Amino acid sequence: MELVLDLVSWVLLSAGGVFVLIGGIGALRMPNLYTRMHAASVTDTMGAGLVLLGVMVQAGLSLATIKLAAILLFLMITSPTASYALANAALLAGIKPNAGHAADEVTEP
Amino acid sequence: MELLGLYHYWVFVVLLMIGFYAVVAKVNLIKKLIGISLFQAAVFLLYITMGKVDGGTAPIFSGDGATVFSNPLPQVLILTAIVVGISTTALGLGIVVRVKEEYGSIEEHEIQEIDER
Amino acid sequence: MTVVFGIFLLTLLVITAAAIVRTQNLFVAVMLLGIFSLLIAVNFFILDAADVALTEAAVGAGISTVLFLGALALTSERERLGTRHRWLSLSVVASAALVVLYATFDKPRFGDPSAPVHQHVAPWYLENTPAYIDIPNVVTAVLGSFRGYDTLGEVFVVFTAGIGVLFLLSVRRGGAAPGGTGAPGTPGIGLREHVIPRVVGRLLVPFILLFGLYVQFHGEYGPGGGFQAGALIAAGFILYALVEGEERTLAALPQSWLLALMVGGALLYGAVGLAGIVLGSTFLDYSVLGANPVSGQQIGIILIEAGVGMTVTGVLLAIFHAFASRGRA
Amino acid sequence: MYYAVTIATLITMALALTRALLGPTVYDRVLAVNMFGTKTVLLFSVIAFLAGRPDFLDLALAYALINFIGVLAVLEFFRSRAARRAEEQREADQRAADGPGAQRRGGEPG
């Protein structure tokens, strides 16, 4: 049983780590703001979710698991909202989703 | 390894000097306040670094029999200093806002020119 | 291994600080200052300072960015003149750096248990906290009881700074009352037309306040206490002000209540100190407050932490409202 | 295993910091700050277990709750700036309509 739990958490943690890393590389390498936002939101939902689930499996039934579940819940609520708010603000400011590299002078205040 | 033991102090020195440079060289008053914040953060880091003990843990007793704890005293000083720091930074920002309203500028040299007129 | 993580994070910290000073765009500098705060909080945590990390989290993420952005909105977002006397400043800074660097070579190695700082009073605090106060968090014990006098001073500094901001920013500007009707085209703050952030923000506010109260009253057992809780509760109200507008927030927690919190917290702290004298001991000696010295100490710490929390909440919120109402005057 | 996740998170933090330094638009920087915040939550949760002190999850919880405020503050800043600029534009138009006698006095620099 112990071994199964360890194995499950091991898989969850490593998958989460991979997603976090992929999202980070995407946020750096993608060509424009909206694609970068897409990559970054992968780390916030998939990556964070898997890592926290993996840690939860390790923690077992304890207060720590409840706190981790709360953290996961709040992250799942707030980070998509933050992404939405940011995308909305950028769109209203006139950054076109297909514009490639947006010029610095246009958008930096 | 002996030199690596001093790395934290060097980071402290570099941060301190970056903050110091912003305060003396930058003309913009808000930038000077940001410099003071960096300076403060460097001092916080020095105190907390000095409180760390090898193999220690945070000075909060728990049932698991840990015996080595880091030094609680610097943590107490810095904990209060962070809140005091944000309050005094807010006071500084308040002064800058008033300066902007009276002089129409937050650049030190322009304010001096207006004063000399 | 943790040391390696620490060194990596410190390097990132230096890069961030250099970028903050280099950029001429103050908005970018404030954003990078947010990253700086996150990094330094992680560093504090790695250096075993959980209480300090929690304080930095509450202040850096919740309050500091909001205050700086409020000040930028009232002044300007760009440095226009940049740097003056660059080489003179650089040489002064470099010589100061050399002096301090020279001093670091006499410092004890990082984490050395035999460093002088660990020989003086700190071991006494660690050994005697269970006997005198009997709470698990030594940081709270030192903050509240052993060095309660210092903390009283810090609370009054926070209080004074808050009063100072109120004096500076509630001066009438150009005849118009601050927080008056303002120009019709510039409404007060509030993201009322953004439905999703508004709903999520309103959902989060009660949890933040609840968490703040938990941090306040759990401070004897885990990381927490009045300073962190005050900053968290203030952050909760600031979130409410951001999504629902300042008027609604002031209706929920009026300015007079904020002043009462500021003054009441500081007075509560002082009164607990005086109660020690009245009951036949010395100033800020809580031992006489309870049936036995240990429970007296615990009662005293809970009371003064409540005072600290009240003052910090009141001051930070009053500062926020001062900046926000200046924006629409 | 915690070490691997910690290292992945640290590398992602460095990448996010690079994005924050590169820009190019302010929205990229805000995105990077937000991403950095969630990575900090992860790092706090993992290191709390790494150090064997799960009671320190409070820190991660604090960040999960209030990291959001920063993004909303930025959004509000953009919104009020747009409103302010529209107002200034309206006043300038008004003055232009009033005639050449009413010159624009010491306006907002930069």
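The chains carry the letters A, B, C and D, assigned in the order they are written, with residues numbered from 1 in each.
To be clear about the criterion, a contact is a pair of C-beta atoms (placed from the backbone, for glycine too) under 8 Å apart; a residue touches a chain by one contact, two chains touch by 3 or more.
This is a predicted model, so every value here is computed, not measured.
In summary, the chains found to touch both chain B and chain D are C.
By number of C-beta pairs in contact, B-C leads when A-D and B-C are compared. Look at where the CA atoms of chain A average out and do the same for chain D: the two points lie 16 Å apart. Put simply, the C-alpha centre of chain B and that of chain C have 12 angstrom between them.
Mean C-alpha positions place chain A and chain C at a centre distance of 28 Å. Centroid to centroid, with C-alpha atoms defining each point, chain A and chain B lie 30 Å apart. Residues of chain C in contact with two or more other chains: 27-28, 50, 72, 76-78, 80, 194, 197, 200, 204, 207, 222-223, 228.
Under the contact definition stated at the top, the residues of chain D that touch 2 or more other chains are 13, 23, 26, 30, 32, 51, 53, 55-56, 58, 61, 65, 67-68, 72, 74-75, 79, 81, 109. Counting partner chains per residue, chain B has residues 57-58, 60, 62 touching two or more of them. Which chains touch which is summed up as A-C, A-D, B-C, B-D, C-D. Of all the residues in chain C, the ones that touch chain D in their complex are 1-2, 5, 8-9, 12, 15-16, 19, 27-28, 31-32, 34-35, 38-39, 41-42, 45-46, 50, 53-54, 57-58, 61-62, 65-66, 69, 72-73, 76-78, 80, 183, 185-187, 189-191, 194, 197, 200-201, 204, 207-208, 211, 215, 218, 222-224, 228, 232, 235-236, 238-239, 242-243, 327.
Across the interface of their complex, chain D is touched by residues 57-58, 60, 62, 64, 104-105 of chain B.
In the complex of the two chains, the chain A residues touching chain D come out as 9-10, 13-14, 16-18, 20-21, 23-25, 27-28, 33, 36-37, 40, 43-44, 47-48, 51-52, 54-55, 58-59, 62-64, 67-68, 70-71, 74-75, 78-79, 81-83, 85-86, 89-90, 92-93, 95, 101-104, 107-109. Every residue of chain D that touches chain B in the complex is listed here, in rising order: 51-53, 55-56, 106, 109.
Residues of chain D touching chain A in their complex: 1-2, 4-5, 7-9, 11-13, 15-16, 18-19, 23-28, 30-32, 34-35, 38-39, 41-42, 45-46, 49, 54-55, 57-58, 60-61, 64-65, 67-68, 71-72, 74-75, 78-79, 81-82.
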